[in-house]
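What follows is a pair of complexes built around chain A, which joins chain B in one and chain C in the other.
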Partner chain A sequence: MQSNAALEYDYTVAKMFTYVTILFGFLGMLVGTILALQLAFPELNYLIGEYGTFSRLRPVHTNTVIFGFTVSGVFATWYYFAQRVLKVSMAESRFLMILGKAHFWVYFIGALIATITLVFGISAGKEYAQYEWWIDIVIVIIWLMWGVSIFGIIGIRREKVLYVSIWYYLACFLGIAMLYLFNNMSIPTYFMTDGLGSINHSVSMYAGTNDALVQWWYGHNAVAFGFTVPIVGMIYYFLPKESGQAIYSYKLSLLSFWGLMFVYLWAGSHHLLWSTVPDWMQTMGSAFSIVLILPSWGSAINMLLTMKGEWNQLAENPLIKFMVIASTFYMLSTIEGPIQAIKSVNAIAHFTDWIPGHVHDGVLGWVVFMTMAALFHMAPRMWKREIYSKKLMGIQFWMQTTAVVLYFTSMWVAGITQGMMWRAVDEYGNLVYSFIDTVTVLHPYYVIRGVSGVLYLTGFILFAYNMYKTITAGRELTEEPQFKTPMA
Partner chain B sequence: MFFHWLEKNPFYFAVLISIVISFAGLLEIVPNFAQAARPLTTETPKTVLELAGKNLYVKDNCIACHSQMIRPFKSETDRYGKYSLSGEYAYDRPFLWGSKRTGPDLHRVGNYRTTDWHENHMLNPPAIVPGSIMPAYKHMFTNLADIETAYAEAVTVKNAFFTPYGPEFKKTRAAWEAHRPKVLADAKKIADDMKSEDVKKAVANGQVPEIVAMIAYLNSLK
Partner chain C sequence: MDIQDIQGYGMFFLTIFLTVILYWYIIYLYRSEKKGERDFEKYGRIALDDSIGTPPVEDKIASERENTKEQIK
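Moving on to the complex of A and B:
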């Protein structure tokens, strides 16, 4: 077994997931941009009949970017870095190779079918959990395949100590499994009767306020374990690898990880402030949201301090730029969230555009930036070619950074304007504005958001093009780059 | 040190993560479960036609823009009516509170909008509310509502969750056929208040266009 020869890692599965990350990223962002433009120009609702309305397309957007782009990005990076930090190649196990490929194909075909069902309105109705019962079963199978894959490769590892990134991916696996299972518990009506009605339809196991609690325990923490946990795992691996710097503090990693694990789950009820959920739960949600700043900023500061004394890299290497700004947006987003979770602030912010504004500085600025940086870092090592164009990467960076800033600033203004107008009263205590006044006033901000969407999407197309050219036409490398990713 | 040992033992690592992340759910969700599920004594479950409308509300994803949650603020009770109570939602599966108000709240829309208003509005929202950015839902006038699935849902929640539907709700096809005229009679009441001849004709032929179920549902929100 023991050999001193350098390991050749096998990136077959990582490459497959890389392609679909780019594909789903493009599709998800394309639909997102269309949605943004529909709010500014409602005529765009009628492009493809009943299938193209804002309401029908929104779940297509959210599910494609969450379960399409982000999740396949998580899989792609997992199949890349897990081998490297565990010091074992996928090629060493026939079982793991076959499982990895099967995992990919079941996932890819499943994702396509799932997306089509949403377009046709086959929906269980809960946000980010719209998939009907039989798709849920397919998703559970996909997730279990990944689980076997994770524990399989961990089982044959040479490096005994699990690196921080592995902790985060393990937590992602376990957290999403628990949340998804409980939230999607439902009963298919077809089987509870003598085959009456549609086989697709199901009813939730929970009703009303209970359903809301379970849903936002899920909804908030799907964000936690999908958009935060694995992305933090990514940056813990890719930032040191790209910069050649060791992580600043082990203790801070430890504190942030276990802190995040414990605190995050409590915060879900901040989505239900002022609702019919009992008051003590709302207060718990608020309080834990504030506490959540600690582990979130703990990770982000750990990343920024990793660059201590090496800030010149920021000017020289656009990938460092991507990762540093991703950490920065993560800090912004994780201070903004707790502010919105304060009950008095939430009274104004809830139901307004400030909420999508908050979501998007997190996902566009943090999740997508970090995922793209990871794929850029992986490409020269997987395909043994130099990055096609550094200049293009720089253009993309500024385009998308501008887009993110336009997005959240316009939505801050829109959200607070709307929240204030809803509650405005004259000197006799009568409402000043009818609802439609609070809609028409948002038009300019919706236009700005549309522009931001077009810019961001264009940036993503540049990314896809740069990746494509790297894979097909980048200058070939004779040996693997140690740290800084080579680019032309 | 404990953590150094833990980081070499993936199994125990995973076990500890699972324990730590389960805490919040156990303490925050479980204790209130039975109590929050209690319906108000005045609350009756939706009719089959209204359930079919609720399923269309889900299918066309109205919650993308409309909430059903009136918060206890004067500005909201002035605008939408009495603030929402937990017991009013006890039969809602799924809950449809929504999280965004691009359009107004609908929890008590049945108190202040009529069948006629909805019919005109769904065909062309900006014609009724100038400046509206809501899309028209013309396809609801031609697509047919799935009332059989709605009936299956009523039977399912009756048997699984003891939702108080009458003894005539049975899981057999014969029971459904027996109930069907009741649904059509409800649909006719809505269609009578509408002006679309095509809709009236469809209902007379024993079909229920989506718009009829949708309006029945919206009217039931009080």
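Moving on to the complex of A and C:
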């Protein structure tokens, strides 16, 4: 490690991951919008044969937004802010630079191949864990490379204390590592049958209820450690830095961290309410989901209180607006989730459109807003250029906020209508409605969702354009902005 | 008592144990700050003063040097 006064942070790897975050964000949201339109207009299923059907595209959407957009956003922000809060440049370690670049290329090529396998229907058939066994091995390698990079840079740091955002990213690394390994344990049939069957096929090591339990322990905690933990880590760095206000209560941030770690892991069984898993486990899933409100709101309120006395920034700085609305959507989705996990509410909500409604107010309002805000904050510091257009950012903000509101309100109404219609019985106990009755009633809401998808995607294209113009044509900056991001 | 009951009771007592640890952590945070042993709030500055030229809030290298000196004594 060198000790050099003229040393600068090296953003080479952060820049590479930034490009890919935008690319995968666009692809994932494009496919998502197509899926929303397919549900409203089923004829759209048959545009490109088997490759364009809902069933083929749905895993492409979920995996691209999770493992493409979000994970590369996590990597991009990590390679940016970790250097800064640890007070060490990646340029100080040749090993870390080579590893970081290798991490990027293995990830990028791996992600492209993985997406193509899904388009061709190669799937392990487990939700959010569709990648086949050999892709899982590549993913484990990518994750380990990131791990070495994380602990490598922590090892050569100058700042003794690990800032709270680092804790969250560490939890993301460890949590996903544990979940991914256990849920994807499978046996490749080709090797177990002396060459019979396809190399692209495997059988899960778990069966029946056990498989469901492991799957939802994974599924729910993938939300925890992929969509919650690193994004909370992001806001704990980017909101204070952008606003120039230290976290309202650092102690509360630590407490919320341990609260989240303690509670989140036990809540997954709320996905299996009214199923064949033990009753105590269902009750536990419900109870822990309710308790989960405390650490979630602890972080969100801490962020809102960070803006105490500085609310004028909300009107002056669109980036603060993005982050505050992200925090607000985090509060909304973390109160909505526990409500859905109450057994009696779940009896109506489960399998209905309220569930994707809940997921999307979380991901569109919280994860994507926060990731875009982080990239906007990083861009002038990495490329030493002013943000190309503040006005465009404002248009994007309102377009996407409207889209999220349209999405979740239409799905609330659709979901509750659907749930009530499925359960409606006449005086003799016969079902009042057939399935197609619900589809007819829900059609207008599916159209609204399609419109919201188009709006949100358009907003994302504006974001990508603003970033592109910032990188290529933004006014050059002579010195790094300390807090507020400069924008034209 | 079958395996499901054992799992259920195991989970219950583990929850109690972890809750006690979590509450102990809250007490630890506030007590150590009250006694003047640690000022947690100053760590919030790490995000704000993050230029490579600004001194760390707690210098790792200086602290390691300090520890080594104490060990030698």
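Going forward, the second predicted complex is superposed on the first by the 482 of 488 C-alpha atoms of A that agree within 3 Å, B and C clash if a C-alpha of one lies under 4 Å from a C-alpha of the other, contacts with A are read in each partner's own complex, and residues count from 1 in each chain.
In this section, contacts are C-beta pairs under 8 Å (C-beta built on N, C-alpha and C of every residue); 3 or more make two chains touch, one makes a residue touch a chain.
Given the structure is predicted, the values throughout are model-derived calculations rather than measurements.
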**Report entry** First (chain B), second (chain C), both or neither touched by A:Ala414
**Finding:** neither
Query raised in the report: Once the shared chain is lined up, is A:Leu7 touching chain B (first), chain C (second), both, or neither of them?
Result: second
Query raised in the report: Looking at the overlay, does A:Lys241 come into contact with chain B only (first), chain C only (second), both, or neither?
Result: second
Query raised in the report: What is the contact status of A:Ile34 with respect to chain B (first) and chain C (second): first, second, both, or neither?
Result: neither
Query raised in the report: A:Met284 contacts which: chain B (first), chain C (second), both, neither?
Result: both
Query raised in the report: With the two structures laid over each other on chain A, which partner does A:Ile448 touch: chain B (first), chain C (second), both, or neither?
Result: neither
Query raised in the report: Looking at the overlay, does A:Trp258 come into contact with chain B only (first), chain C only (second), both, or neither?
Result: both
Report task. Have a look at where A:Ile436 lands relative to chain B and chain C in the superposition and call it first, second, both or neither. Result -> first
Report task. Using the touch definition from the top, say if A:Gly125 reaches chain B (first), chain C (second), both or neither. Result -> first
Query raised in the report: Which chain A residues are contacted by chain C in one complex and by chain B in the other?
Result: 160-161, 254, 258, 262, 266, 278, 281, 284
Query raised in the report: Of all residues in chain C, which touch chain A in the complex?
Result: 4, 7-8, 11, 15, 18, 22, 25-26, 29-30, 33, 40-48, 50-54, 56-61, 63
Report task. Flag every residue of chain A that touches chain C in the complex, lowest number first. Result -> 5, 7-9, 81, 84-85, 87, 89, 157-161, 163-165, 236-237, 240-241, 244, 246-247, 249-251, 254-255, 258-259, 262, 266, 278, 280-281, 284, 480, 482-483
**Report entry** chain A residues touching chain B - in the complex, by the definition given at the top
**Finding:** 38-39, 42, 45-46, 49-50, 53-56, 58-59, 121-127, 130, 151, 154, 160-162, 167, 170-171, 174-175, 178, 182, 187, 189-190, 192-198, 201, 203-204, 206-215, 217, 254, 258, 261-262, 264-266, 268-269, 271, 274-278, 281, 284, 288, 347, 350-353, 355-356, 422-425, 429-431, 435-436, 439-440
Requested in this report: Note which residues of chain B are touching chain A in the complex, please.
Outcome: 3-4, 7-8, 10, 13-14, 17-18, 20-25, 28-29, 32-33, 36-37, 55, 58-65, 67, 69, 71-76, 78-79, 84-86, 88-104, 126, 129-137, 139, 143, 146, 148-153, 155-157, 159-161, 171-173, 176
